[in-house]
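The chains carry the letters A, B and C, assigned in the order they are written, with residues numbered from 1 in each.
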């Protein structure tokens, strides 16, 4: 039993860019000595988020964006904007809601996901960003 | 320290069936050699979700359903429907929001939960399904 | 590789008290023999929640409260209230949505978080409470 913390980087676009990161996580598991266990996928930041979805254009380019815009619109005078005079209050709230990490099981180096289920990073910020994603593998 | 990935199956009903799975997770811990640690409870799929709630009829049969229906209604023309000509766009969005996994601590084989807190599976799909739930135990 | 389950306590205020618990979690990691791994931060209860946010007054005292009040208002006749004749239906729904735990990586005893990212406990109940937070450390 051992632990291994690996990273990969992403270049994202502003305003709810939804990026499929399943291959990057799977590649890290392929190259690890740990065969079975769990992997915690985490973004160090307060305006990004991790979840899963069926990665097809309808959900990724429309339905997720519309849903989040309905409950946490970008164009609103958040109190957060007064603190720093930036404009990413919606990004912080979306990250707070969806959260910055999720943990997944894997067996024989392979992620256990549904047929149509992919791991995604959601850029909630109002600017494109360089993101570092941490994959912490625990197992044997 | 070791890792053990166990599964159990569920038959669910369509449209926000909320199922108490605490006993199934606890039974897996009872029969494990691992005494203390964490267990990741995960559904492999993109229209299911895992969380916790006080499992009583008001919340389970009414309040959760009403809340989710308000923010992600089933009867809406999601773009996802155009991709596959199916009708479970709401199910995908609910699973994206609530997420497909949660991780819990346990001590002396016993889940650490509040007195009124149960682990639940939420069927977000518009069809009843057979679901496989993965319990990945890490500890010693 | 080993596992260690530690706790700390909080006194909270009613109605969406958002408390920065990063220092408490970091202190537990400082005093642990485990150098690298993951820590599962969990509240045993069904009306609390764990997430992360930039801990500044605009978000903490206004934007989070307003957002949650919009989608899950406190002053509403939830069916849950009929079961026990208490009034914390909103608290249960908020805890169900945000969830009671999140798992974070750490390296050389230090939490891996963004510069502006703090771990928070959210008191969703309509009463102030004494809360016990579980930090389950897995690593080596």
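As a working rule, a residue touches a chain if its C-beta (ideal position, glycine included) is under 8 Å from a C-beta of that chain, and two chains touch if they have at least 3 such contacts.
As the structure is a prediction and not an experimental result, all values here were calculated from the model.
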item: Partner chains shared by chain A and chain B (touch criterion as defined above); value: C
item: Interface sides of chain B and chain C: same vs different residues, half threshold; value: different
item: Length of the line joining the C-alpha centres of chain B and chain C, rounded to whole Å; value: 20
item: Touching two or more other chains - residue numbers and ranges from chain A; value: 1, 71, 97, 99, 103, 138
item: Chain B - residues contacting chain C, complex; value: 1, 36-38, 51-54, 56-59, 61-64, 67, 70-71, 97-99, 102-105, 107, 112-114, 116-117, 138-140
item: In the complex, chain B residues that touch chain A; value: 1-3, 5, 40, 42-46, 71-72, 78-84, 89, 92-93, 95-97, 99-101, 103, 134, 136, 138
